[in-house]
Amino acid sequence: MADQTYGITEIVGTSGESVHQAIRNGISRASQTVRNLDWFEVSTIRGHIENGEVAHFQVQMKVGFRIESPEG
Amino acid sequence: MADQTYGITEIVGTSGESVHQAIRNGISRASQTVRNLDWFEVSTIRGHIENGEVAHFQVQMKVGFRIESPEG
Amino acid sequence: MADQTYGITEIVGTSGESVHQAIRNGISRASQTVRNLDWFEVSTIRGHIENGEVAHFQVQMKVGFRIESPEG
Amino acid sequence: MADQTYGITEIVGTSGESVHQAIRNGISRASQTVRNLDWFEVSTIRGHIENGEVAHFQVQMKVGFRIESPEG
Amino acid sequence: MADQTYGITEIVGTSGESVHQAIRNGISRASQTVRNLDWFEVSTIRGHIENGEVAHFQVQMKVGFRIESPEG
Amino acid sequence: MADQTYGITEIVGTSGESVHQAIRNGISRASQTVRNLDWFEVSTIRGHIENGEVAHFQVQMKVGFRIESPEG
Amino acid sequence: MADQTYGITEIVGTSGESVHQAIRNGISRASQTVRNLDWFEVSTIRGHIENGEVAHFQVQMKVGFRIESPEG
Amino acid sequence: MADQTYGITEIVGTSGESVHQAIRNGISRASQTVRNLDWFEVSTIRGHIENGEVAHFQVQMKVGFRIESPEG
Amino acid sequence: MADQTYGITEIVGTSGESVHQAIRNGISRASQTVRNLDWFEVSTIRGHIENGEVAHFQVQMKVGFRIESPEG
Amino acid sequence: MADQTYGITEIVGTSGESVHQAIRNGISRASQTVRNLDWFEVSTIRGHIENGEVAHFQVQMKVGFRIESPEG
Amino acid sequence: MADQTYGITEIVGTSGESVHQAIRNGISRASQTVRNLDWFEVSTIRGHIENGEVAHFQVQMKVGFRIESPEG
Amino acid sequence: MADQTYGITEIVGTSGESVHQAIRNGISRASQTVRNLDWFEVSTIRGHIENGEVAHFQVQMKVGFRIESPEG
């Protein structure tokens, strides 16, 4: 069974600046706890509004990673 | 019945620059006519093309707002 | 039958910078082979991760164009 | 911020004759209360049955319109 | 338990003429075997092409009906 | 054009108790500002969590109403 | 071919009280005509409004059942 | 009204071997009770796991059939 | 490998009259450039509004065709 | 990078009583292993049937939580 | 603009044997007319039934390919 | 609160042979790190193409498991 298996974790990255920065922030944070991140796919783009202006972009995404070896 | 009710309105914000600016423009315009905007969720990202280049980003989104008091 | 017909082609534009630049790059490239591009609609936003950081944004989109005259 | 913003309203048009007449009836009625209607998109096509025959076609659709100027 | 229960059956109506006639044909045929038809909802609109022209419109739809009394 | 047209408005009803009470609260509040409410359809069921317990159920729904007469 | 096959039937259960009672009523009614009901899955939650209050919850669901032996 | 009407029934076929055998098993079983089966479309592929291995593939699918003549 | 392969192309047919005429117009135009058209499936029904009336129905659809022989 | 990141975990809560109790049970159990739960969103409502009555409501939901600090 | 652009074409592969062989057949045929095929994604799995047995599996899929250089 | 709660994890199983082997490989690998696996549901079937032939089938799926006892 040498065929690769991938895990998928779902996160929400946020940013006060832009959609792509919210993605970068979320991926950057995820890479601190999960190794071998390989790809992401955006599920939804939402955000919080304060005083009639966008306060935060919130990007929900699935993040795929290569699973290396069994952990008991 | 002290439980909060929210209304949702749907708009399309546009920008010649970027997806996030189209969102900001739409929210900013909506806040001129609807009070207590609270969140948004993007439905679709489309755009218009002129002479082989992106002329406008058009972001359709639902915008949620707190309803304050009954109006007859 | 003077009613206009449109064709739709699907592409994936990429960029190391942002979501909107990935859209611009894809449209710009498509305009080199298809005439009369008129609109686009984003299907999915994905990306590739290297060393725990976003390496490329990959935006899949449908691109509509006006069909001019029959070609045998 | 000269970028255009659009509003979207959702309606159900009905007709005893056909799907396209239900759309026409709904748009025609909406244009009596909303200015600058620009496009529509059908969400669902349903209908009511009486005595084993279609009594009404009911077409739910989103209708987009240009927003002109702020209203307090 | 005087609350009404409804059954739903799914059919494909066809017509060489139009979408709404395909719906009418399907409902008319269904009413010959199922009593108390109440509403329909279109799932998909497809069709068959012959010699470069539409030969048949095929409308898949769910049809709801009132259930009257238990049958053993 | 005696065919009825319906409007659809979207709201989020909330309740600390249950899903069906959140629906009731939202409909009850909507009926204070919109006449002739006729049906609703749930879009999403979400909620807020505080201290590891459900604090509020939030039910997003579309609410249909009969449109009576033109308003200028 | 000893592998089990399941049938699926779709119904709408209703209740003036709650979502879960509408489900229970529908399942209870379906069990009077179909044997070996095994599971259900909710498709949509809708309802009817009268005088500004929820009159009936209508829960559309698919109901799975084990098929026992061929019937000619 | 010589236009053909089709009925659609939904089933779950199962197999301990493969996805395509689960489809074959379900179709084969359905053909024992429904005549004139014409096409199928897979809705979902699920399965049951026992002792860390796939025990059964369960393929939910819609099966279309030609309706011949009215039955009272 | 005598098994048939089909290609799918996506188009938008338009008509000032009806939904089914928009489908016919699109298929008719597509048949001028693609041989062996076999079926279509409607994706979305949209339209353009001018002066408060439907100006054009725009039907987006996928069109399937039989692929005959390799082209280098 | 002071922008907050959220994790999402998916669970199925169950209850013999009601949909909202199944949600409460699932959230309550999840809070025993995950800190800082913030919101949930229901994906599907299913259930198990025994002897023609609903035995368990099974509510699948995504649960969001605030991520505090990196863990190696 | 050294960023790679990908094209997507949609096909239906068929096989009398299995789902995976239908995918292989379709990809193999597509590679005769399109260069640099890179990935595929299954849209729907359908099939044709003859005499109560599966005659053909029909797998609709999107196929992505790298675009090399502009063609006028 | 003796009601069972289930967790759901998402993985991608791969195989150079077939769709069902990709599922088996993924489940087999997941069972090395998660106990009490109970069911799976396929989300998407994708694959990688090399030299015009399918190199790997990649099956993304959700895997459900019974949660036993609280872990601090």
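By letter and in written order, the chains are A, B, C, D, E, F, G, H, I, J, K and L; residue numbering begins at 1 in each of them.
Here, a contact is a pair of C-beta atoms (placed from the backbone, for glycine too) under 8 Å apart; a residue touches a chain by one contact, two chains touch by 3 or more.
Bear in mind that the values here come from a model prediction, so they are computed numbers and not experimental data.
Q: Chains touching chain B and chain G alike, please list them.
A: F
Q: Report, in whole Å, the distance between the mean C-alpha point of chain H and the mean C-alpha point of chain I.
A: 30
Q: Could you give the separation in Å between the centres of chain E and chain H, each centre being the mean of its C-alpha atoms?
A: Centres of chain E and chain H (C-alpha means) sit 20 Å apart.
Q: Take the average of all CA coordinates in chain H, do the same for chain J, and state the distance between these two points in whole angstrom.
A: Once rounded, the distance between the two centres reads 32 Å.
Q: Any chance you could list the residues of chain K touching two or more other chains?
A: In chain K, residues 9-10, 18-20, 28, 32 touch at least two other chains, as defined above.
Q: Under the stated touch criterion, can you name all the chain pairs that qualify?
A: A-B, A-C, A-J, A-L, B-C, B-D, B-F, C-I, C-K, D-E, D-F, D-I, E-G, E-H, E-I, F-G, F-J, G-H, G-J, H-K, H-L, I-K, J-L, K-L
Q: Using the touch rule from the top, collect the residues of chain I that touch chain K in their complex.
A: Those residues of chain I that touch chain K are 1, 3-10, 62, 64, 67, 70-72.
Q: Under the definition above, what is the set of chain I residues touching chain C in their complex?
A: 9-16, 22, 25-26, 28-30, 32-33, 56, 58, 60
Q: Which part of chain D faces chain I closely enough to touch in the complex?
A: Within the complex, chain D contacts chain I at residues 18-20, 23-24, 27-28, 31-32, 37-42, 63.
Q: Touching chain C in the complex: which residues of chain B?
A: 17-20, 44-49, 52-54, 57
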